[in-house]
Amino acid sequence: MYSLKVSYLCKHYSQTLLFKDISFELHPGEVLAITGWNGSGKSTLLRIIAGLVRPTTGKVEMFFKGESIPKESRRRFVGMVAPAFSLYEELTALENLEFFCKVRGIAYDRKSCLAMMERTGLSENAHKLCRNYSSGMKQRLKLAQALLHSPPLLLLDEPGCNLDSKGMKIVENIIAAQRQLGMTVIASNEKREVDYGDRVINLSE
Amino acid sequence: MIAKVLLTIWMTAIIVAAFLYADAAVGFPGETSRILFFHVPQAWVATLSFLLSMIASCIYLARRRVTADNLALSAAELGLLFCLLATASGSIFAKAAWGSFWNWDPRQTSIVILLMIYGAYFALRSAVGDPEKRRVFAAVYSILAFVTVPFLVFVVPRITASLHPEDTMNPAKPGMDPKTLKVFLGSLLAYTGLFIWILRLRLRLLNLEGMQEPEFLVTEKMDLEGEE
Amino acid sequence: MKSGRWITETGSSTYLSEAVAIWLRDLRGEFRTRYAVNSILMFAVTTLIAVSFSIGSFRIGDDEQPFLYAVLLWIILVFSALSGLSRSFVKEEEAGTMDVLKLSARPQAVFLGKLFFNLTLLGALELIIVPSFILLMNYEIKLPGLFTAMVVSGGIGLGGGTTIVAAMIAQASARGALFSVLSFPLLLPLMITAIKGCEKSAVGTNNPGWPEVRIAVAYSIVMIVMSLFLFPLIWEESMQ
Amino acid sequence: MKSGRWITETGSSTYLSEAVAIWLRDLRGEFRTRYAVNSILMFAVTTLIAVSFSIGSFRIGDDEQPFLYAVLLWIILVFSALSGLSRSFVKEEEAGTMDVLKLSARPQAVFLGKLFFNLTLLGALELIIVPSFILLMNYEIKLPGLFTAMVVSGGIGLGGGTTIVAAMIAQASARGALFSVLSFPLLLPLMITAIKGCEKSAVGTNNPGWPEVRIAVAYSIVMIVMSLFLFPLIWEESMQ
Amino acid sequence: MYSLKVSYLCKHYSQTLLFKDISFELHPGEVLAITGWNGSGKSTLLRIIAGLVRPTTGKVEMFFKGESIPKESRRRFVGMVAPAFSLYEELTALENLEFFCKVRGIAYDRKSCLAMMERTGLSENAHKLCRNYSSGMKQRLKLAQALLHSPPLLLLDEPGCNLDSKGMKIVENIIAAQRQLGMTVIASNEKREVDYGDRVINLSE
């Protein structure tokens, strides 16, 4: 029903060309992996898809039943995790999720937020301030935040970063579940994560 | 127990004597000079407790004993309390003597600064979550504050002439009416006794709190308030 | 469910409910860290003490008093506000939460949420500062109604004028600077009006219809409406 | 190399050279982001304009002028300073660079480096504010030597009295607030002295030996020396 | 020559006990790995060893030829990398290294800093602002910073985080080189990194 079309993306920073002519289409159930050396532009590409960075040329379109989704409504379709993101440190984990529910216009329901924390293995720490979270717990919370609105397009930038093996398993489950719900783009250098992709784009080639 | 009873009797006697035994001093409107027996001991006790707090802070930094910090804390609390009392009684007095509660007399200015300093001391304590860190910061701040006080004492009186009586009734100077002197010294003693009594109560309370609530529980409380 | 509707519709949530969510979150964060409110209030209180101390020792002529006091009051209010109002945006940027917010909230809701937050701060500020100023300075006000209306409408204008500037500077590098530089000229017309209004309320000149209050209200409305239109551009522009 | 020496010796580097490294880094960071200097300067300039605008329209008695102007000048200086001097520590804490700094620098060097940086900021502030104030307000100074000495020594005292407080509040919650709350009482004696000194320089009272300048110098020395002793305690304490 | 002695360390946060009675000794050439689930206290343990966090009970001592090294001089003996650390974003990478050289009292030498960047694979980006670094490049710079003063004790908290396979190789080389120079403690959940350890402490057991 949903689909993502990326055409001839190209990104420069001052004189340096990061990547050019990236084009692909993505359909529900598909997982795309992006890989490449550090600094090759994986995160930048994901940010362009999410609409956080403007490409130098090219465009990113999202379709719902063939109709293009206007930029303003994209927030309902995208969920994203990235190392550079952070959540509100002075709130507890549950309060963070509550905030993102409300601001996204999803009826806030404590139970479903707690269920989401259960899913990411945080239920014991739901009332801890995020400031005191360990690196892995923060990463789990970011995953929970990205999944709150069951986005048709999930952008995962290094999802397994800081996680232990249980956490990696959670990421695996998330990606498996997302196959039923929509599209996934993973940017990573971990072989294990890249292997989740049905297709792989290597930005260093 | 006996001390408490004695203190009560002593305080009562002083209050009675202040109004009935001593004579009103000349140069003050009506009976207003009787405030001397309450206002000055209050100021004196406040000074004493701030000094005590600073010394306890130094001891804390050197020895790192929680009891020293408890002493510093309770002395600062009592100092603030008596300082407020002195300000209040002084203001009432000022209304009678100078016609307005507040007119930025240097004495009033300097006492506001003192109140600000110790207000800041408590603000600092409440803003630091980790107990040990809180103690060290508070001790450091109280030392810094105390260092500035001499400057205050030398400087503020230079700004404008004060209406505040300095030497008119200074008990240290000869020439104070003997009856007044007796009651005054008695009152000084009474207030000091009162101060020591409250201080010991407060210390006992703090120690009890410290015992039933281990260190890390205190941190937790602060954590929930969003501090480190 | 028709496809077109699905895409553009906002579901059960409105701009307002999302703005309220942002407002409440900011309040909660503020309550935990007490950054802005304290810095504003303490700034105001210390300035107030300093001003009252320095002016208190003068005998200001009775005819000059209304104007001078109005000027002082508004200087204290405006500068206290400038010292804290930019925090709500700058903090999002510095803490790295801006990206997630951009992905999940609509710009108008963000603007309204931050505006509410700033207005709340200003309300708290005025509630504390104005009465203490009046008490400390023995400020005699002949027309309390006009005075109150002026303070309230002036406060709304302050919030409206500074919120969008805060959003702009959160994305520029030289933050502290820009905020004062950009805000102050924007606020000057409002400030002058408010001073005039407060002076009149102290003197007792009761112009019918309170023109100064009207000007301040008009200023606030213009600022807020303009910001609502302009804010999405700034918000989008923040991508590189 | 004897073992004992290896352990305690500082090698070729001294506290001073390390402090200078920290100072230069702060200057460079400041130069790139212009956060503190701008927030201080703009704060000062806007207050200056507002004050001169509001006071400028009065005929202040010639006898009251020296005192009132001295008060205004120091209010502007102190509050501008309070608005920016805590940045250097708070930024380390917020940006997450504090940990690495703790692992690599000695506390005294950190204190000195930050002190130098704050003094540099204050110097820039005074260089801009004081001449503009004098020009704008037509401030007549009879004893420029005393005035300059007072401004310089007062500035050093401002830096000396606030740097250690900045280090403390960087590790507390409610930062913005606390800085002014904690610093202002500590600075008041200095401020009052400086006001007195500037007043005298305007009136032309040339007390031999400039007692106010001496007090300010003594204040600065006492504060800086005390801070050098107390700072390591705070720095160590920053662990939880 | 150097050695590290950790005795009966125990750390509480509020009521929760993180770990207790951790004791070990470390000698030059040894590598200790610390592992455990997310939130088990690995990072906290490393921070305690570095002197950034106070243990609830127990102590950490460092010795040089049998003499205990006073706390003030410890900075010369410890180099550390952690996910929570950051370097100065408004400086370039080279300026960052220059600063840390100077502040540590190492004679600053541009060449050796550049060599260090070469070693961590950053030489092409030496003059880029850290703000614009990608996540992997930041991690490499943190590694470079920790190695500047050739510390006898290297504390690596998730050293491979965000890195690509070349970066992992760099970490491997660093650890191998450190065996000649002194002691290493690694905290990680990556099997590959834990395996570098001669001994492993598992905090979840």
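Miscellaneous remarks
Which chain is which? They are A, B, C, D and E, in the order written, and residues in each are numbered from 1.
Here, a contact is a pair of C-beta atoms (placed from the backbone, for glycine too) under 8 Å apart; a residue touches a chain by one contact, two chains touch by 3 or more.
Note that the coordinates shown come from a computational prediction; the quantities given were computed from them, not determined experimentally.
With steps allowed only between chains in touch, the distance from chain D over to chain E comes to 1. Chain centres here are means of the Cα atoms, and by that rule the chain farthest away from chain B is A. Ranked by how close its mean Cα position lies to the mean of all protein Cα atoms, the top chain is D.
A separation of 30 Å divides the Cα centre of chain A from that of chain E. Chain B and chain D, compared by their mean Cα positions, are separated by 31 Å. Distance between chain A and chain C, defined via averaged C-alpha coordinates, is recorded as 36 Å. One simple way to say how far apart two chains are is to compare their mean CA positions; for chain A and chain D this gives 46 Å. The multi-chain contact residues of chain B, meaning those touching 2 or more other chains, are 132, 219, 223, 225-226, 228. Each of the following residues of chain A touches two or more other chains: 84, 90, 132. Shown for chain C are the residues in touch with two or more other chains, namely 32-33, 95. For chain C in complex with chain A, the residues that touch the partner chain are 3-4, 6-8, 10-13, 17-18, 20-22, 25, 28-29, 32-33, 95-97, 99-106, 109, 239-240.
Interface of chain E with chain A (complex): residues 13, 36-39, 43, 83-84, 121, 125, 132-137, 140, 158, 161-167, 189. For chain B in complex with chain D, the touching residues are 61, 113, 116-117, 119-120, 123-124, 127-130, 132-133, 136-137, 140-141, 143-145, 147-148, 151-152, 154-156, 158-159, 219, 225-228.
Those residues of chain A that touch chain C in the shared complex are 47, 50-54, 64-65, 67, 69-70, 72-73, 75, 78-80, 82, 84-91, 95, 99-100, 102-107, 145. Those residues of chain D that touch chain B in the complex are listed here as 161, 164-165, 168-169, 171-174, 177-178, 181-182, 184-186, 188-190, 192-193, 196, 215, 218-219, 222-223, 226-227, 230, 233-234, 237-238, 240.
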